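So that you can tell them apart, the chains are marked A, B, C, D and E in the order they are listed, and the count of residues begins at 1 in each.
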Amino acid sequence: MNAIILTTVWGIVMMLAGAFVKNKSTAKYWAILGLVIVIAGNSIELLQQESFFKIDIREMLHFQSFNLTFISVMLVCTLFYFLLNGKEIEKVGTNVFEYFALIFFILCGVVLAASFKTLLMLFIGIEIISIPLYILTGSDKRNLKSNEAALKYFLMGSFSTGIMIMGIAFIYGGSPSASFFIDTLQLGVGKMPAFIAVGLILLMVSMSFKVSAAPFHFWTPDVYDGAPTVFTSFMSTIVKAASFFAFVRLFENAFGTVHEQWQKLAVIITAATLLIGNLTAVFQQSVKRMLAYSSIAQAGFMMFALFALNDRAKEGLVLYAAAYSLATIGIFAVLVKMNDYTIDGFNGLAKKQPVLAICATIFLLSLTGIPLTAGFQSKFFMLLAAVKDGHQIWLVIFAVLCAAISAYYYFRIIQAMYFKESDASADQEWDISPAFKYILVITAAVIIVLGVYPNLLLDWLYY
Amino acid sequence: MQQLGLRFPELLIWSPLIAGLLCFILKNDKNSKAIALVSSLITLVISSASLFYANNKQLSGLEEGYVWMKYIGASFNIGLDGMGHILTFLTAFSFPVIFIATYKTSYKDSFAFYGLMLLAQAGLMGVFTALDALVFYFFWELALIPVYFLSSRWGGEKRIQATFKFFVYTFAGSLLMLIGIIYLYLQTPATAYSEHSFAINAFYSIHFNLTFVQQYWLFWLFFIAFAIKMPVFPFHTWQPDAYEQSPTAVTMVLSGIMVKMGVYAILRWLVPVFPAAMDKYNMLIAALAIFGMIYASIIAIKQDDLKRLVAYSSIAHIGLMCAAIFASGQIAVQGVMIQMFSHGINIIGLWIVIELIERQTGVRKISQLGGIAHKAPVLTIMLVIIALANIALPLTNAFVGEFMMFNGLFKFNIWLAAVAGISIILAAVYTLNMVQKVFYGETNAVTESIKEIAWNEKLALGVLVIAIFFVGVYPQPLFNLTKDVVLMITGNKN
Amino acid sequence: MGFLINGLGRKTLSKTLSGIIGSGVVLGSFLISLYVFFSVKGGNTHVAHYFDFINTANLKIGFDFQVDQLSAIFLLIITGVGFLIHVYSTSYMHEEDNKDFAKYFAYLNLFVFSMLLLVLGANYVIMFIGWEGVGLCSYLLIGYWFKNTNYTNAAKKAFIMNRIGDLGFLLAVFWLFSKLHTSDFHTVFAGIAQLSKTDIIGITILLFVGATGKSAQIPLYTWLPDAMAGPTPVSALIHAATMVTAGIYMIARSNVLYSSEAAEITRLIISIIGLATALLAASIAIKQNDIKKVLAYSTVSQLGFMFLALGCGNYTAAVFHVMTHAFFKALLFLGSGSVIHAMGGEQDITKMGGLNKYMRITQLTFLIGCLAIAGCPPFSGFFSKDAILMSAFEHNKVFYVLALFAAMMTAYYMFRIYFLTFNGKFRGNQEQEHHLHESPAAMTMPLIVLAILAIIGGFVGVPHILGGHNEIAAFLQPVIPVHENAVPISSTTEYGLMIGTTVLMFVAALFAYVQNRNFVAKENTGLGKVLENKWYIDELYDTIIIKPVQSLASFLNNVVEKKGIDGFVNGMGKAVNYGSRQVRLLQSGHVGVYVLLMVIGILILFIVQMFL
Amino acid sequence: MEIKWFIELAVALFSIGVIGVLTRRNAIIIFMCIELMLNAANLLLVAFSKMHAAAAIGKATPTVVSDGQIFVFFIMVVAAAEVSVGLAIIVMMYRNVHSVDVNFLNRLKN
Amino acid sequence: MSITNILFILLSVMAVGSALMVITRKNPVHSVLYLIVTFFAISGLYILLNAQFLAIVNIIVYAGAIMVLFLFVVMLMNLNQHIEPQKNRLLQIAGIISGGSLFLVIVAAALKSQTIKAGMELQTGDYGLIKTLGMVLFKDYVLPFEISSVLFLSAMIGAVVISKKEH
């Protein structure tokens, strides 16, 4: 609850500051300050299990250790994001304060999506996330790619919103309590009613859209590619992870008891996502677009949480969210510093910028799922959950083969950085402060610490 | 005192790990060489010392291990038994030898080179000491990563593709194994902390809870991972390329020790875990391994590149080990134990010689070399001894192992043993061919400039040769070390 | 005993730096052997256990040595002949520089060590260690002049062919292990009752395969003539006197197995192979012009005789022939070495002739050798060969006739080379003629000693019928029980055969003299050409074994490995790449298509959920 | 009257909206079709709301039964917000390329 | 047939018919106008469903504000029917087919079960009045109500960010 209020307030503060503060380069400090406050507020709530504000009438939101921890993870990831990308956000356009304000509003939506108890809150949360994102995607106004991405994202996003509320309507029609509370569907273990079934499918479609699971992923590569890179970084990590959390939360609480009846849908989506994400990423020449496909591929792994829907899956999802977000934020932070986004642009980076190269390597290894990185632990938990579920072992095998394919495209970057020579002419100006390097190293260190001892994070889930 | 003995496995991991990180932190090209050498010698001392505390009777780590991921039942549990002792000692022994032999080779960014080498050593030590499936998997992968970087960074012309193929191949295999591990884990009984456990002892008793069908498919998940690592036909094609393209010091690690990971893993994590599947598939796999052995031997005849030749020879040797394991008799498995050690030593020796030749002449093609024996008699003598050990001449180390493995194989199936025997002949053909063409005959323009080897190389090769003869003549210490573990693995089968 | 082994062990480790040390230690071991011999003669056989070579739960192999009558004889032969040859070598090899000289002796000593290991081993494994060890030394010594590719090829060939035999040996050992769990001679022989018929046949045949490799029998004999590439003393020691007889030793040692009822078929095979080898090799030897090659084929042929004896169950005769053969063949080789030395390395007998004028001692000793090998009484060869022929006669008349024919050929080719070398006119060039000289004492002394042995060596085995006691048979009695023949041959027959044989030998020798009195080099035709080209056996092997293996290797390497398996692995990568290129086309960039695909996705989900 | 008719009507409108999205190229019309889809959902919500209200006669509290209508209210809020942002994006696009044809949007593909 | 049924049929036909016109008219202005007609029909249906307040809001917000905005933009861009050439015929057919199947599938799925016979007759229609809804909205739903202000804020900022001219 603290987080919602504080993000909203600070969003407004940023907005007003944008009107009154002339020096745009101070925006990032404002934002970091605000975020620290939000994190503090959230941590206090996590520690005390009690919010400063008690206005949640009819308990439409639900806060306990589990989702408060998740929110903290997301907020901390955002902090890393701000620290690494603050300078780059300034370069996108003139409305720097507004961008930060929008990000704070998105965070508010993230918190809602992580704590909803009714479909209404889910809907509002998702929309609060989506609408600012449309804007951020299109924020590079002169860039036609950015425009195109914004329009595509907007049209398809609205389309999925339509599907979502259609689904909500059917759920409402089938709800015996005539309300939108997700835990009052009283499904029991029998065959679920027709309205619920239709609503479930439509909700699954729209949530799959949000987390870019195949075959509803088509917006992802184009939007991630077209959006300003700093915002791609944000939307492919925190937003996506939050959507996933919402997705799993919704299906666990609302439809958990009839898990077997819709599990096959999750299987189809998972398999398709893994296949398409990994396969398409292989051929990409642009690192940015490759990372877009890789985010689809990673979504395939996160889909295991939905597929298995047990304790390990939920823990794994949180871990995955942290690992994936940190690694992707990190790799995007490196990417933003490059002039050339193609894989060849990374040639010889190890010589020119060894710190960047080694951190990027750790991020990529984490994304690949090599032990000692958080990426491995998260994949491990996902596999554990999926195997524990006991059905469809073939899907798990398929997933690990896809993970092997993923090594192919992630390692292309590592190979470029370390084993290939750059063109002498291709050298560029580097705008890298020591602080940036330190933070990058810290990010990498966090990934390794989580990889070695994931309980640092997981213990909080049951605090 | 017993507690002290139990601390050795940790030291074996920490010593190279810390030294490796030190190399990276200092970033000093000069010192790193010395750091590497000193730390590897320290590791050797630790490993030798641990032999005195060898507790062969059973696998035992620290009482509880360090509880690592408590509620999923994984603990950082490491320990050594006879097999672990042999392999950790091999690892500890090989690295100083490698460092000494390549002391004169200068690598670009050598701090990174030595750092990664030491990290690889730490990973290997971890694999050989892990008593917890998850820890094992961790190290299994960790050993791979430094080697990947070493090969890709300092390797030959086509290194990137070759090592990447190697990496993806083994990575895919080990992920399959991960699924197997998870599946098994979920069948284990609850412990004090958690629903299930990754501890090795839990895995060993798991087969009582598994149906035969489960055992069968789980067996393949594990076996493919190990088969790729060893490698066994038809999963071997990464190997010649990887060996060819890697810098020789790394190839030594790869072939001398890393392939033993596969053999070790089969003995530790496959054979005792799936007895029913062993019974079902032993014939199939032994036949496959032996086919691969002959196949590799025949191909080796045609190789012109020294490294590829040794690579195929290694595939053949590993094929025999694999077949012997699946022949599943005590004698055969005992032979495998010895052979793991022997093969490591021999093949490292071969690589050192190849490295020396390549460094001096820049050539690895058999057809372009010749007459080295005039210029470097000591090198030649060493090489001949090592080559003969490689073809298992009596009184060299490999004879003992191969003798026992063939013996076990013969008990298992006469025809398999007979067919496998052909490889003895083929091994002589390709090895002697190589010796003849490279070392004998007249010198030519390429070999004209070759010089006698220096003290450090003499030292390294000398140590290896002594080891070859020692094990060849008096292998009993190794038997004593591994006797119990062999019994444990093979159970009551003869 | 420990003393003996220690002495031998030290020798191999301390790579001797001069021939004197080399010869000295062999002399030392010879003296010890003598001591051993006499102590054994006094009935004092002994098995010494040194340490456990392999000792595991159910495999125990000790590093054990055994001295009994059989090994004592071989000990004497090895160390005695070995000593003489070491002495001879000091002179023969003096042109080599210091380092190589030392290396040579080191190898030679290593050889003696391995050979002793072979004959002293108390179980098959130790025997095998020596067995491979002598193969290795043979390899090293044949390829001693490693600059010459032909020589190294020959060395390689020898080693590989030996290895083929070794495989047989090894399998036999495994067979023993799998049935009896041991390879100690006495336990194996004691446990023979536990072996089934198949076991015995399998084991004996496999052991024999091992013997054909080491002792150059059909089909694995071709390495021995090529092995003449090594220095001549080496040929004398290894490829005539000692190593090649290892096969005989092994079978004689295992006589318990071979004599058993079940092994009858094996014995038959051995006889046939031995006889065939004797004939084949002798026929080839007739037309060879290289003096050492002739001797080599002669060796093969004589080995064939020994195997014939073994096949006929007369182990004593075989061992006896080994002994006499060691004397006279070493003598012949050393003699030929002396000739070659004098001729400055020339080995072609068509380029020699009339050497008797220059090298008296050599000529005389060589003549003695020829007489001995041809089987002229009372030279040693007569007694041993006669024993073999007798047992063949007892066994099978056809064998006897064929063996007799082979013996005649022996006489023919031996005298052919004798006459060509020493009689007639010198056919070499001027320079060589000037160079001709008698060899130094270090070379002639061993010749003389061996000549004496070749003359008197036969008297240890004079058969009863000639008033002797056949002492060797008596001596070997504890190891090789004498089998009484079911149908004893009458004395008359035996006398008749002996005389007949002797006469035929003389005829053959005379024929050789007549034919080669006035030698004119001419092209061989017809059978002669076939014989000169050794029945084209090498070419045959080349076509049916080496070439197919080579092309199979190429095929596997280029097609199966690169295109097949690796092609499949790389094909996976390519398939992923291809799939990637195709799948990304779905990402067409058109919103309409995206939404359409999404709707289709929704439809699929509905259909799956609702109607499946 | 049965709920069935309303479901059919709402789904029909929804599907017409989907068809519109699929077949038209003008971004504005596509957006209008999406609005149509939203309205179809609204209609369904209201219908269900009445269905629940009818079922709740005599046993339920009135606060419960108006949930559906409240939701429609929020959907309208969201739609309004979306429209403002969406039209702004379309206008921005139009300013740059002077077209609202979505088929021009193919710089990003593969 | 009661009056409600007749009204229902009339309004349904009107809604579906004008919706079809929306997607078939080439001229965007016509489409906008037909959409307004659809919204009016839907508002009529709301009244049938005892949602009087929503019916009014629908007309005010949708037909009034939103559609006028649309119309405004269309006019502003001066889009007429010539701008939009025919779309790929194949894609159109595929679109119609899949949209039609979507209708069939959802309806079939939703009405599959025979238990859905719920009647919708209601005697008192006061629960859709502004008074009732207002109470619910500002008591129970005050939190989402407040939070939706964030939505509007961000939409506002967005519109500004997107539309503001940069220099």
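The working rule: a residue touches a chain if its C-beta (ideal position, glycine included) is under 8 Å from a C-beta of that chain, and two chains touch if they have at least 3 such contacts.
All values reported here derive from a predicted model rather than from experimental measurement.
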item: Those chains which touch chain B and also touch chain A; value: C
item: Contact-richer chain pair [A-C vs C-D]; value: A-C
item: Most distant chain from chain E by Cα centroid; value: C
item: Greatest separation from chain D - chain, by CA centre; value: C
item: CA centroid of chain B to CA centroid of chain D, Å; value: 65
item: Distance from the mean Cα position of chain D to that of chain A, given in whole angstrom; value: 26
item: Whole-Å separation of chain centres (CA-atom averages), chain C against chain E; value: 102
item: Gap in Å, rounded to a whole number, between the CA centres of chain E and chain D; value: 5
item: Junction residues of chain D - those touching two or more other chains; value: 3, 7, 14, 17-18, 21-23, 25, 30-31, 42, 47, 49, 51, 53, 55, 65, 67, 70, 74, 78, 81-82, 85, 89-90, 92, 102-103, 105, 107-109
item: Overlap residues in chain A, where contacts from two or more other chains coincide; value: 120, 124, 127, 131, 134-135, 138, 141-142, 152, 155, 159, 163, 170, 197-198, 201, 221-222, 408
item: Residue list for chain E, restricted to those that touch at least two other chains; value: 87, 91, 94-95, 98-99, 102, 106, 109-112, 116, 140-141, 144, 148, 151, 154-155, 158, 162
item: Interchain contacts (touch definition) - all pairs; value: A-B, A-C, A-D, A-E, B-C, C-D, C-E, D-E
item: Residues of chain C that touch chain E when the two form their complex; value: 592-593, 596, 599-600, 602-603, 606-607, 609-610
item: In the complex with chain C, residue positions of chain D that touch it; value: 18, 21-23, 25, 30, 102-103, 105-110
item: Chain B to chain C touching residues, read off their complex; value: 165, 169, 234, 236-238, 295, 298-299, 301-303, 330-331, 334, 371, 373-374, 377, 388, 393-395, 399-400, 403-404, 406-407, 410-411, 414, 417-418, 421-422, 424-425, 428-429, 432-433, 436, 439-442, 474-476, 479, 483, 486-487, 494
item: Residues on chain D engaged by chain A in the complex (per definition of touch); value: 3, 7, 10, 14, 17, 21, 27, 30-31, 34, 37-38, 40-42, 44-45, 47-49, 51-53, 55-56, 60, 64-65, 67-68, 70-71, 74-75, 78, 81-82, 85-86, 89-90, 92-93, 96-97, 102, 105, 107-109
item: Chain C to chain A touching residues, read off their complex; value: 573, 576-577, 579-581, 583-584, 586-587, 589, 591, 593-595, 597-598, 600-602, 604-606, 608-610
